[in-house]
Structure formats: structure tokens, C-alpha cells
Amino acid sequence: MVGLVIGRFQPFHSGHLKMVEYVYKREKSVIVGIGSAQNSHTIDDPFTAGERYEMIYKTLKRDNIDHFYIIPIEDIYRNSLWVEHVRSFVPRFDVVYSNNPLTKRLFSEAGIKVEEYSMYKRRVCTGKRIRKLMLEGDNWKRYVPESIAEFITKMGGIRRMKEIAGSDEVED
Amino acid sequence: MVGLVIGRFQPFHSGHLKMVEYVYKREKSVIVGIGSAQNSHTIDDPFTAGERYEMIYKTLKRDNIDHFYIIPIEDIYRNSLWVEHVRSFVPRFDVVYSNNPLTKRLFSEAGIKVEEYSMYKRRVCTGKRIRKLMLEGDNWKRYVPESIAEFITKMGGIRRMKEIAGSDEVED
Amino acid sequence: MVGLVIGRFQPFHSGHLKMVEYVYKREKSVIVGIGSAQNSHTIDDPFTAGERYEMIYKTLKRDNIDHFYIIPIEDIYRNSLWVEHVRSFVPRFDVVYSNNPLTKRLFSEAGIKVEEYSMYKRRVCTGKRIRKLMLEGDNWKRYVPESIAEFITKMGGIRRMKEIAGSDEVED
Amino acid sequence: MVGLVIGRFQPFHSGHLKMVEYVYKREKSVIVGIGSAQNSHTIDDPFTAGERYEMIYKTLKRDNIDHFYIIPIEDIYRNSLWVEHVRSFVPRFDVVYSNNPLTKRLFSEAGIKVEEYSMYKRRVCTGKRIRKLMLEGDNWKRYVPESIAEFITKMGGIRRMKEIAGSDEVED
Amino acid sequence: MVGLVIGRFQPFHSGHLKMVEYVYKREKSVIVGIGSAQNSHTIDDPFTAGERYEMIYKTLKRDNIDHFYIIPIEDIYRNSLWVEHVRSFVPRFDVVYSNNPLTKRLFSEAGIKVEEYSMYKRRVCTGKRIRKLMLEGDNWKRYVPESIAEFITKMGGIRRMKEIAGSDEVED
Amino acid sequence: MVGLVIGRFQPFHSGHLKMVEYVYKREKSVIVGIGSAQNSHTIDDPFTAGERYEMIYKTLKRDNIDHFYIIPIEDIYRNSLWVEHVRSFVPRFDVVYSNNPLTKRLFSEAGIKVEEYSMYKRRVCTGKRIRKLMLEGDNWKRYVPESIAEFITKMGGIRRMKEIAGSDEVED
């Protein structure tokens, strides 16, 4: 069996890893869809699809997850086409794991099996909160796998985020 | 003569029907352009273009409006092209009825006749307010034609809206 | 029941009308999808979606077909999304009538019922051949419904085609 | 040497002119990239790319700037492609002048020289503030070059802005 | 008065220059629209919009044409929108000069004045023929203004064309 | 070191596998970019990106290639942006292997190292020839890895190709 999870992974944090591990344990094979793949270099989407792919790949390898597919997926801005868009870019799958209402509704409407999944430590471990910590200091590292912290540090990810976050005094 | 009206019709309510009747009576033929046709499955745009087409069609038929064209129109995100975009998708028309400032300006700038139209019961009968009522109970039915209420009920429209409106606790 | 037919209708000819009549008789309701709706002003696609909509509408009305939906559909250039794209723009339907291999395959793959339909007088009555006749003289009128011939003549359609067909001597 | 500046120029104001003069004096040649070229007829982007081109052209001519290129540049909505997108539309350049953090980061990441430039009278002379004044009265004219004020007045720009700004009472 | 000419200018050759001179002499101001601006690095479209802009600019300056606007224009793939697309990107103009049947038809249909213009030495001086000569030797230089030959030589344009023209033995 | 190869892989054949093995042996890590990812269900592009991903993944796993990234890449139709488009979707790489003239030129122009690679058995082992064999009988299986033949057979790939290849008698 193959399970599908979709996220923006900006960055891929410990809650994401728990979810992938959970799906892998149940299904023996997991597809990781990187959403909003076209975005990068913004405060909410700092990393490119390629950077996200590489950091997830390294983490899953080190975690001994043996059967996974990683696939960048661009936004299509048409909810009625979203499911088929995803389907045409990923290997065949049996079930989607999600706690996003729209994702659940769209896949259900298309007749695809959906499993509810509640994220680990949902109060503290969210992309938004972690990105905020990244702009402030080193505390973010406790919420992401070690390989992610290494990757972001080495590629100068924090500096990129800080430079983008710097803003002109007056909006034009 | 042919009159054009454009709206998102999410959903098509009694104010919309009054407007179509008014234009039909004056012009003898009315074009109903369904705007933002590409959108669906969101809180502000719950229904697909096809669903909106079908519910409007059934309503106008039952209302004995005898000469109407219904046409879904996708957004083009270029105000300078909007009028020609509409023109290329709809039959020839003589006049646009609207109370939207941008619509009026763009059609005027293109040399097309514009008739001001003020919506019926504009305080209570708006798409936004009706969609809010749809999430809360049955009161919405008094603001839409009977055939619209039937259609939405039968297709499970309220359930779709409620599922989409359900939201994950924390934004990512 | 509702039957769907899709074509470019450049122009809508007698073979198309036979097909719509056939589907209407069997299903009692017919959806006419105008394909490649975004195209116009070329030799193979001379008419806009709006012009095609109007000429089909007038023809079906005069033909006493009582329950039909006409819907322009833009190309999406992604075969894997085509069926859902169509579905989101048209009212609910039960069956597709087509003799186009790709159309049949795509709708079948999506689990939708497909009925084979062989076009009337397929040797003489094709869009391509009729467009050629339109550039040459009056003979084209025998292959289209009378209302179509009237519409095209009145709107100056032949002159448009001839002007576009005129070509610069040397390609740049 | 050739210097590049990019802005939306809605409208081109005195601060913009100072910047162009500064770059021209240092580099002897200046490229003026008109950003968000596809936008027009909104409160924040009232003028088309062509209108902005013409008003900038007239101003730089009158200002005796002798070597300048003006180029409309559409948004591409992909930060990772932005620099190459710009590069493919403009003549070869040596340096970018900007005080926008994202612009500076993206060009730096691509190995292109960036010069910090702080806008003149940044508190009072911004597009946003000037557009607000345009809706209110005549005071805006003191913040733009004379040729810009003439151009906008003559083309009826203020009336366009006021009509667009007029809003329907209730949002749909 | 302002005259508009549109071409791909791959490359800008002596026939193009004659045309610009002719329009400039008659109208006192000329807009040069660079069509298919998004294309480059193909056999039929070797140069970027920016490269074409720069070579045309240098040529017109040297030719003492004193009032010209150069504007890259991307294809829009919708004939019914083409005229408004062009209009929104260029300064106001009074007349279009063209010998292209589609261009003439589209601008006429929009109510814009069109002047027929027959290209100079049309048998020998076409983009297609000159590009062929560029792949073969030095003979191409006699068909383009001197400044164009210099520009292309200096930027390594011939080498780019030859590398692109080299083809893999077997198509995949 | 990381090497990048790009192809459409319709289907992934023995020549492709040799190439991936070669790059993997030299670089220890290989990125497989699936080009024209948006295409499927045509004679020249029968398989979706997801199907291609799955068949390549299974083949490389069985072949004991231990470190590979597979990434679908949509066409962008702008040669000047192609390299940055690829770069933003794939992990960091050191060198591109290709024998396609355009690919080589574009990556070279961007300052990226390119290694010439000549395909194995280029006369008999091409996508085009293999797709032709697939429509004719079983001979195609000798030109693809065993896992590819199994995958395509199991998913009904041949039947899909044959159905699409069937054509209506007369073009419209």
C-alpha cells in the first residue's frame, strides 16, 4: 500500500517527520508531495522546491525510511482540478493522510480514501512558528530534525530569510 | 436588443433574479455572464461554474424567461483586457447593466453603453450574507429562488461548504 | 438524462446538428461544449466563442430543441486534467457522445459512460472542408443549417476569413 | 556602464526622477524597468504600462537625459526566476540600484552587482501617498515632475482613479 | 502623430530600418513593438527581447531618428485580445503600419487606422533568409545595418545560433 | 558530486538506464529530471509524470543505484528561463550530462559545467522507435529494462497507446 502526504515543508519539521514515519509504518510506502513548489524567497516560503526536496531526502534516508517518493507539486489555483493535478504527478497511491479540511473534502469528492491525521505537538511545532524563531535566534533547531538544521545552516538559509525580511521603510 | 449582466452568483439569489427579469423586460434578451468561473470549493466561491450554470438555467426556465444566454467567464487578471475577453466569449450585446464601479469604467472606456442598476434589497440580499447564513442554518432559503434552494440542497451544497469551512487549528 | 457533446464548431454544420438532435432525442437534455473557446481569427478557427455560441443557440431554438446548455470551454493543454476541467464548467451529465479516440479514452479512464457516435455524411460534411468552401464561393451553404448561413453572412464572416487567409508573400 | 532601476511608477514621481538622474550621472546609461507592467485600472496601479512608458519618456527627454532604455516588465510570480526574466527583457547592464530587500537579495544571489540607493524625501514622496493625494485634490502635483502632472491631467487620469475608487455599498 | 510598427526583428535588418525611417518621416514619432518577446535561443528566434531592444536602439540612435519608443511585447495566444494587449503596453498611437493580413484585420476590426506598407527588397531581405545566411558565412552582413552586424558579432550571436542548430542525430 | 540528466522518458529505456548508471558511477549521486512533466495521453507522450516517476524509481532500486533524486519538471516555454526553472526544482548539482545542443548551450551560458554524453545504441534505442514498436507488438520489451516492461504491461499502457492512436477518419 502507498500513502500520500502533502505539505509546503517550509521547513520540514519534526511534526512532519513523525507523520511520514507513521504513514510509512502503516503503508510500507510513502509519497511526500511538496506543495506550492513554485514559491521561494518569501518570508512564508523561503526555500525552493529543490532545497526542500534535498533536505527531506537526506532526513528520510538518515531515518532509515526505505521506500519513499518525493515530488514537487506546483499550485494550480483551481480547486476542481487539484486532485487530478496531484494524481498526474505522483505514483499510484491508496490513501491520503491529512488534517486539512479542503484537502480532505477534495480527495473525498474524487472517491479517494482519506485518513485523518493529527499533527504532533501542534501547538509548538508549526511552520509559521518555526519560521518566526528562525528570524530570532537558534531556538528553532529543537523543532526540526538534526539533518534539517544542518542543511539550512550550511546553505545560509537563515541569512536569506533575514535579508528578505528586512523591509524598506515606506511601501510604494 | 441584448443586455449583459455579470456576477459570480455564489449563489444566484433573489436580487440577481430581479436584475435578470428587469433586463429581460427592457431588452427582450439577456446574457448572464458567470464571473470567476474557474473558482470553486472555497468559502467565498463554493460552487463550480457548471453548478452555477445549471442552477441559473433551471431558475430562468421556471421563471418563463424565454431568451437568455448563460456563459461562464474565467478571470483574466488584466483589467485592460477584461472587456475584450468578455466580448469574445459572449454573443453580441448592446448594453451592460452594472453597479460595479470598475465594470462601469472599463466598459465605458471601451465605448460600450452602460446602464446603472441598483440591486434589490441590497442590505440583506448579498452573496456574502447569504453564504454566511448557509453555514448557520435554514434561513438562507428565503433569499434565493425556490429552484436554487432545491438545487443546492439536493447536491449537498451545504455540507460541502461546512466541510471546507472547518479549519485546522493552527496555520502552517 | 443528460448527454454531452464537444466540438470546435468552426462552423456548426449539418452533421453537428444531426448529432445534437440524436442526443436530445435519446437523453431529453443535451450539453453542447464549444471546444478551443479561446481561439478565433485564424483559418482553422475563424469565429470567437461568443459568435459560435450565438449561432448554435439560434439554430437549436429554431429546431425546437427545448432543453440544451451551451458552454464555451477553453483548452487546458493537459490531457490528464481535461475531463475534470470540462466537468467543472458544465452541468452534471450522464454520458458523453463522441467518435474522437482521445476524448473517448480520457472519459473512459475517468469512469464516465461513453457512447460511440459516427458523424453524418462524414466524407463531405467536415469543418475543414466547409471552411475551404467558404473561401471559394457559396457552395458551403448547403452543408450548414440555414440559420448558420444567415448568421455568418450577416456578420461578415466570409470577408473576415478571406482577409486572414490573404498572406504576405514571404515569411519572416 | 549601464545601471538598472526597477519600479512600478504609479505614478513616476520626483523621487523616481532623482534616482534616474543619479544613476545616469554615475553610469552614463540607465535602464528603467516598469514593474507589474500587466496591471492597470486599480487604485494601487491606475496606469497601463504604455501610459507609464510615455510619461517617463517625456520626462527624461525634457530632463536632457540622453541615454536611457524604458522597458515594461510583467510580473512572473516566481522569485527564483525573476532575475533571469528581467535579464531577458532588458539590454545588458552592469549594476542594479535598489533599496528593496527582495530585489537586492535576488540579484545578489545571481552574482549581479547591487548598489544601495535611498529614495529622496522618502517620508512624503511615495507612490502610495501621492495616489491618495490624487483622489483628494491638487496637492499631488508638487511631488511629481511637471511633465507627469500635465500628462495625467490631459489623459483624464484623476477621473479614472476616482471612478475606480467609487465602490459599491455592499461587497458580494 | 505616432505610428506603430510590430515585428519579431530576428534580427533587425535593412528592410526594418527603411520601414522605421518611413514611418518616422511621415509621423514624426514611431513605436517599435518587439513581438514574440518571450522567445530566444531557437533557430527562428535566436535573440532575447533585451538583445533585440539594444540592437534596435543603437541603430536608431546612429540613424538620427529622434523620437522613438521601443517596447517588447509577449505573445498572448488569443487573437481576440491581441490589439488590446498591444495597446496596454505601448504609448498612445494614431496608425499602424503593416503588411501582415492578420495584423491588419485585427486592428481594423478594433477601429484603428491601418496603413499598408510593403517591405523593401522583400525577396532578399527577410529574417528567415538572413538567419540562414548567418549559419553559413559572412554574407548576412550586407542585409543588416552596420550597427546590427557589430552588435551580433560582439555578443557571439553567430556562435549561439550554430550551437543551437547543431542537432542530436536521432530525435527522442 | 551530483550529476543531472534530463529526459522525457517516454518510456525509460535501456539507453537511459546506461546513462544513469554512468553518471552514478562517476558522480556517486544522480538527479533524474523528468521533462515535459505536464504531458500525457498522446502518442509521443503516453505516460503521466507520476507513471514515469514510478517506473524509473522501481528500475533504479532494482539496479542497486543507491543515491538518486527523481523530479518531474514542467515545460516553461521560455528558453531564457529554463536553466533557473530546473535549478529551482532540483537539489544542488555540479554537472549536467547531455547530448542535446540546446540543453548544452543553455547550461553553458549560465556558467554550469556540461559533460557531453553519447547515448548507447542510439540507432535502435530511442523513445520514438520504441513507442512505434509498442503499437505493433512485443518486440519493444528487448529495449527497456525488465521492470519497465512489467510496469507498462501491468498498468495497461499498450492499450492506452493503441486507443489514443486510433484516429477519426476525417479531421475536423
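Note that the chains take the letters A, B, C, D, E and F in the order they are written out, and that residue 1 is the start of every chain.
Throughout what follows, a contact is a pair of C-beta atoms (placed from the backbone, for glycine too) under 8 Å apart; a residue touches a chain by one contact, two chains touch by 3 or more.
Just so it is clear, the structure is predicted and the values come from calculations on it, not from any experiment.
Shared contact partners of subunit A and subunit D, listed by label: B, F. Looking for a copy of the A-B interface in A-C, D-E or A-D, one arrives at A-D, which has over half of the same contact pairs by residue number. With centres set at the average Cα position, the gap from subunit C to subunit F is 37 Å. With each centre defined as the average position of its C-alpha atoms, the distance from subunit B to subunit C rounds to 26 Å. Inter-chain spacing, taken between the CA centroids of subunit D and subunit F, is 44 Å. Among all residues of subunit B, those that touch two or more other chains are 40, 48, 78, 80, 87-88.
Taken chain by chain, the contacts fit none of the simple shapes, being neither an open path, a ring, a star, nor a full set of pairwise contacts. Working note: touching chain pairs come out as A-B, A-C, A-D, A-F, B-C, B-D, B-E, C-E, C-F, D-E, D-F, E-F.
Remark: subunit E residues 38-42, 48, 160, 163-172 touch subunit F in the complex. Those residues of subunit F that touch subunit D in the complex are listed here as 78, 80-81, 83-85, 87-88.
Chain contact summary for the complex, subunit C toward subunit F: residues 7-8, 77-80, 99-102, 104-106, 109, 122-123, 126-128.
In the complex of the two chains, the subunit C residues touching subunit B come out as 37-38, 40, 48-51, 53-54, 57, 69-72, 74, 87-92.
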